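Chain IDs A, B, C and D follow the sequence of writing; residue 1 opens each chain.
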Amino acid sequence: MTGSSFGKLFKVTTWGESHGEALGCVIEGTPPNIDINEKYIQKFLDKRKPGQSKFTTQRKEDDKVKILSGVFNGKTTGTPISLLIENVDHRTKDYSDIKDKFRPGHADLTYQLKYGLRDYRGGGRASARETAMRVAAGAIARKVLGKKVKIMGALVQIGKEKINEKNIDWNQVHKNSFFCPDVTVLKKWEKYLLNTRKKGSSIGAIIRIIVKAPPPGLGEPVFNKIDALIAQSIMSIPAVKGVEIGAGFKSAELSGEANADEIYSKNRKILFSSNNAGGTLGGISSGQDIIVNFAVKPTSSILNEKKTINVSGKNTKIITKGRHDPCVGIRAVPIGEAMIAITLADLFLIKKSMSI
Amino acid sequence: MTGSSFGKLFKVTTWGESHGEALGCVIEGTPPNIDINEKYIQKFLDKRKPGQSKFTTQRKEDDKVKILSGVFNGKTTGTPISLLIENVDHRTKDYSDIKDKFRPGHADLTYQLKYGLRDYRGGGRASARETAMRVAAGAIARKVLGKKVKIMGALVQIGKEKINEKNIDWNQVHKNSFFCPDVTVLKKWEKYLLNTRKKGSSIGAIIRIIVKAPPPGLGEPVFNKIDALIAQSIMSIPAVKGVEIGAGFKSAELSGEANADEIYSKNRKILFSSNNAGGTLGGISSGQDIIVNFAVKPTSSILNEKKTINVSGKNTKIITKGRHDPCVGIRAVPIGEAMIAITLADLFLIKKSMSI
Amino acid sequence: MTGSSFGKLFKVTTWGESHGEALGCVIEGTPPNIDINEKYIQKFLDKRKPGQSKFTTQRKEDDKVKILSGVFNGKTTGTPISLLIENVDHRTKDYSDIKDKFRPGHADLTYQLKYGLRDYRGGGRASARETAMRVAAGAIARKVLGKKVKIMGALVQIGKEKINEKNIDWNQVHKNSFFCPDVTVLKKWEKYLLNTRKKGSSIGAIIRIIVKAPPPGLGEPVFNKIDALIAQSIMSIPAVKGVEIGAGFKSAELSGEANADEIYSKNRKILFSSNNAGGTLGGISSGQDIIVNFAVKPTSSILNEKKTINVSGKNTKIITKGRHDPCVGIRAVPIGEAMIAITLADLFLIKKSMSI
Amino acid sequence: MTGSSFGKLFKVTTWGESHGEALGCVIEGTPPNIDINEKYIQKFLDKRKPGQSKFTTQRKEDDKVKILSGVFNGKTTGTPISLLIENVDHRTKDYSDIKDKFRPGHADLTYQLKYGLRDYRGGGRASARETAMRVAAGAIARKVLGKKVKIMGALVQIGKEKINEKNIDWNQVHKNSFFCPDVTVLKKWEKYLLNTRKKGSSIGAIIRIIVKAPPPGLGEPVFNKIDALIAQSIMSIPAVKGVEIGAGFKSAELSGEANADEIYSKNRKILFSSNNAGGTLGGISSGQDIIVNFAVKPTSSILNEKKTINVSGKNTKIITKGRHDPCVGIRAVPIGEAMIAITLADLFLIKKSMSI
């Protein structure tokens, strides 16, 4: 497994299994003299934490982060920052159910195919629990980008229920359990999710991340276009099946005239008549808001019995018990924000290296 | 600009500007003793070449590829393969129109913002002409993957016109000018595109790439999941605005029950009841077909006048003349195939390094 | 600081400051199904540990390693292996002496110049304590290479006192406090070092690492030649000032006739008349023993007063107190072995990716 | 072969075989708006070119460099710079002698072992001809570093003949055929080399590279210390067997007192009492001159017959004919300078990314 690192200069390496001793990450490349402390990082982790509301899993994940290196007297020193979260209850469960069977829709089968063995406890390395460290690293990435760059996420669709784009109010996002920016749909969503949960079912979602006032000039054509790295970083989040920037898939249906974002200037500021591009031209940020949407599939951990095979290849059946999220998309909001922050922080440092 | 390389072991580095002396790429990591010659690569380049039909640009790009290193007596030697295409007519045009103005929807503005200067001839480095080398590298990537792995692309939507999924016949793809797998829509599409062209307009498209019988075990969790690297590689293609795998954005609307791909075995072969996952579980290929869709925006090179600014920041207007594709999505088909081939070849070599 | 990782596929990332909470490393790319446990790693750490004899520092470093991830039921799973050593007494010392002054020969000045601030406790990130994690990672690298590859280190010179090459007996190396392969010099060295220590002085050393029976074909020309990566890995060890392979600097004085290692075969085995090359030709291992020598400078932590400046740039003086090694070269032996093991493990995995 | 790239931000990728169609390199990461033209690069190539004097090989290598991309109107644009040198006479020779035999001391055997086949014409990829592109890339690296950073190389020893350190005059280096800084040894060296050549023999050499006034703060601890990357870059040059920094191997013999470079300040400038460190502390440049020595073995291309085996493993003999350098170390001077320039340029860009 060689893919646990992301970034070239601001580089995040995560490690840890769902039910191992601990989870952690090492963050290389943070510039020195930045204020960082555990409390600041914890704030972001708490947003992702399960058990926050009745709409997310009731599993207890305490997720207390510790800084083990790279910060001295409250300031970054430029050396690698090591973060750690201990897995408190990591040895208590009974895994005889899933030890020898592959849960459909999970990584059980492919880990076995690739590695010939696997840590079956709670999904091991493939568990969404790994994303806790992305959120922690994202908190530090925001500091690298500076206060002026705002990265905001919201849930814009669950199942077939969409928000009304006209009602978007970003100030509402943190006032409800769904990270939803449209207060008019809250009741409907609540009913919908409670019903989904009651049935032991699950449902997918669409998340939007917006970067307000990004620095222009981020992105390294041709393969490390800002679009391309955003796509990689978002698609690397467990359960994500699609990602789009700006008008995204809708741009396929547009004519060149309808899609064009005309450029003009006012008081020496560069402005655009629209933002179908989603803030990027030729793989480089233009300074316009960056707009990203991504789709999260419904979790495969549902209560109805499904066909599968066991490690010997025999046909069998499985039920995935446990307290799971009816809509994992909700908790994907802070994860998506974090991945965008990490991606931009790296491109920001690379851009600085090119300045004359 | 530090992003002209893609891949870790099978690494492709492209270089060249649209109207510079030449275009080229260096391909590191090709195993030795593989049959490669110019004729084989040229076959793939010719699929991407403009001027193939009345639905693509009539610009003349001769695109004759030369192998300059890494192949000896018709076999790869394991050393870097250098490919080159000379730009035959590269000094003839008049660029006074676009030299000092930024074409909306193009990379002109962002290159200027990032680098402070730009090669304005035909888009320079940001030109889609750069993708010729991706197609050439993709041809070599296919050889690395071996004959059993089939990578096939098709156009499944132009503007609002979709194919009928039930009519898909992959044998039709190379028998029409659109790489369209549904013969029943050909006439409609032809009329639609001719009309678009006549108006000097353009239209977007959706492309599908399928990998038949991919090796299981490809993909390096967590950040280099096969999904994540496919997303990066596809989104790095000029004009691409969205990418999805398997059920993609539709999976947001599905319940866990509807989305689940159940597993069973028959004659010792692992099979699935459906393929919403698109061939990947936990970021690792399962052996099921890999299914990727991506959206290409309409080219911004259209004949109507648009608002823009010049290099001094003054408001002005621009018309992009020249012979352009009414639907750049058509030529994105072989490029998408190539990027998937390159991505898989790299993951294939990495997987081999882990075998015991 | 972007240089805390080494390796492409077998990648080691170390983190931690001398007197921070803990030290650790993350090892990506270890193949699955390899037996690893803490006791096995601890054995190598104990070789490097201070306080082993009167010739090394008497500082207490308990250095108990914990495996936090990547190993399940005693076997590697292919996921990142996280190792951790807690710094037990990390808050007890008084650093007022060196807080505002730069110790000559240490990294104090350059860290301040580069980062604008530094963790001054015990050298912070620049402390040789960081090398504990290299030794731990080296233990795992040996497992990747397999039992047939023997990596052995020895001290061959301290100050001006050299061993007699004719007396080398590798079985003696672990039977004395110097890792010395020549028993005839032990008494002289003992007296010499005790005297050096008594004076509060220090002395340099030369270490030799030999790889017996390395796999042929390791090394990636042109920049990642096995020689080049060995040179990087060895020169990255604190206090190392020179590295040579085979005849090394002496080869400058040889004629082509004297330097040539003739090739012959016997019973289908490839053999050589000599080994001036040190086991590498064209940057690729030939299968002959790999021979590396490296020079370690005397530690700058000595008892006599030296001129220096303080953080304000004012001239001042400093004495480095504390219990230090009279010859840090002794403890460099297991570190050198570890770096060679790490380097070869990475090249070994890369080589496998190229096999057909 | 995955090792043809060097550098993280300022990245040089070379390609090409000695007797293939052409040689070239791609240089990514050059900042925009730097004056570059072919004449400027050619000047450095001409220093390395064979046939410059009777002391180097009389082979004709015309080595006319062409810039194919990345430069527009005489300025870098920030995009990859592609350089190419055509191999003019690349198909004329008869290689039947060496086609099936392995030349001792050359890479013939190891390429065959690793790749199973090889381009045997003139050493193929392993030929020193590959270094032409390093020299070309080094010329561009100097521009990235700026005019204030002086990188100077000299030959300080051939065979057992050393210069007198007291006579060093850097102004003499380019006034003689040996890049020798000590005029008093020129006659002796001339006689020595002519004699070596007459005998069909060869001799090794030691080269010194000095960087005057390097920027402080270059180097990325712990594995990418400036010392470590210099060691890698220098040891990657063909025929190099040893590299040392500052006092190097002599530091093993020094006491801590003798080795210490005391620090003081004068007129706000940081100064040192000596330079045993060779300009680096803790892997970071201090601002003192960087001093590197490296040893080049005698070429194995000599006229006397040597034992070897053929591709079938049978014992046989070989004589390497042709016009070869009696001392390849001479031409290693500009190559060493180039590798140091490339290494520093990359660290310089990385350092900029960390600035606040």
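One rule holds for everything that comes next: contacts are C-beta pairs under 8 Å (C-beta built on N, C-alpha and C of every residue); 3 or more make two chains touch, one makes a residue touch a chain.
The structure displayed is predicted, hence computed values, not measured ones.
Student: Name the chain pair with more contacting C-beta pairs, choosing from B-D and A-D.
Tutor: B-D
Student: From subunit B, which chain is the farthest off, judged by mean CA positions?
Tutor: Most distant chain from subunit B: C.
Student: Between subunit B and subunit D, what's the gap in Å when you average each chain's C-alpha atoms?
Tutor: Taking the mean C-alpha position of each chain, the two centres sit 39 Å apart.
Student: Rounded to the nearest whole Å, what is the centre-to-centre distance of subunit C and subunit D, using the mean of the C-alpha atoms as each centre?
Tutor: Taking the mean C-alpha position of each chain, the two centres sit 26 Å apart.
Student: So the centre of each chain is just the mean of its C-alpha atoms; given that, what is the distance between subunit A and subunit D in Å?
Tutor: 46
Student: Where in subunit B do residues touch two or more other chains at once?
Tutor: 1-2, 4-5, 8-9, 14, 29, 32-33, 78, 114-116, 125, 221, 350, 354, 356
Student: In their complex, what parts of subunit D are in touch with subunit B?
Tutor: Of all residues in subunit D, those touching subunit B are 1-2, 4-5, 9, 11, 13-17, 20-24, 26, 28-29, 32-33, 66-70, 72, 75, 77-82, 84, 114-119, 124-125.
Student: Can you list the residues on subunit B that touch subunit C in the complex?
Tutor: That would be residues 8-9, 29, 31-33, 78, 221, 349-350, 352-356 of subunit B.
Student: What does subunit D use to touch subunit C in their complex?
Tutor: 1-6, 8, 14, 102, 104-111, 113-116, 125-126, 130, 157-160, 196, 201-206, 216-217, 219-225, 227-236, 238, 240-257, 259-265, 268, 270, 273, 276-278, 280-287, 295-302, 304, 306-309, 313-315, 329, 350-351, 354, 356
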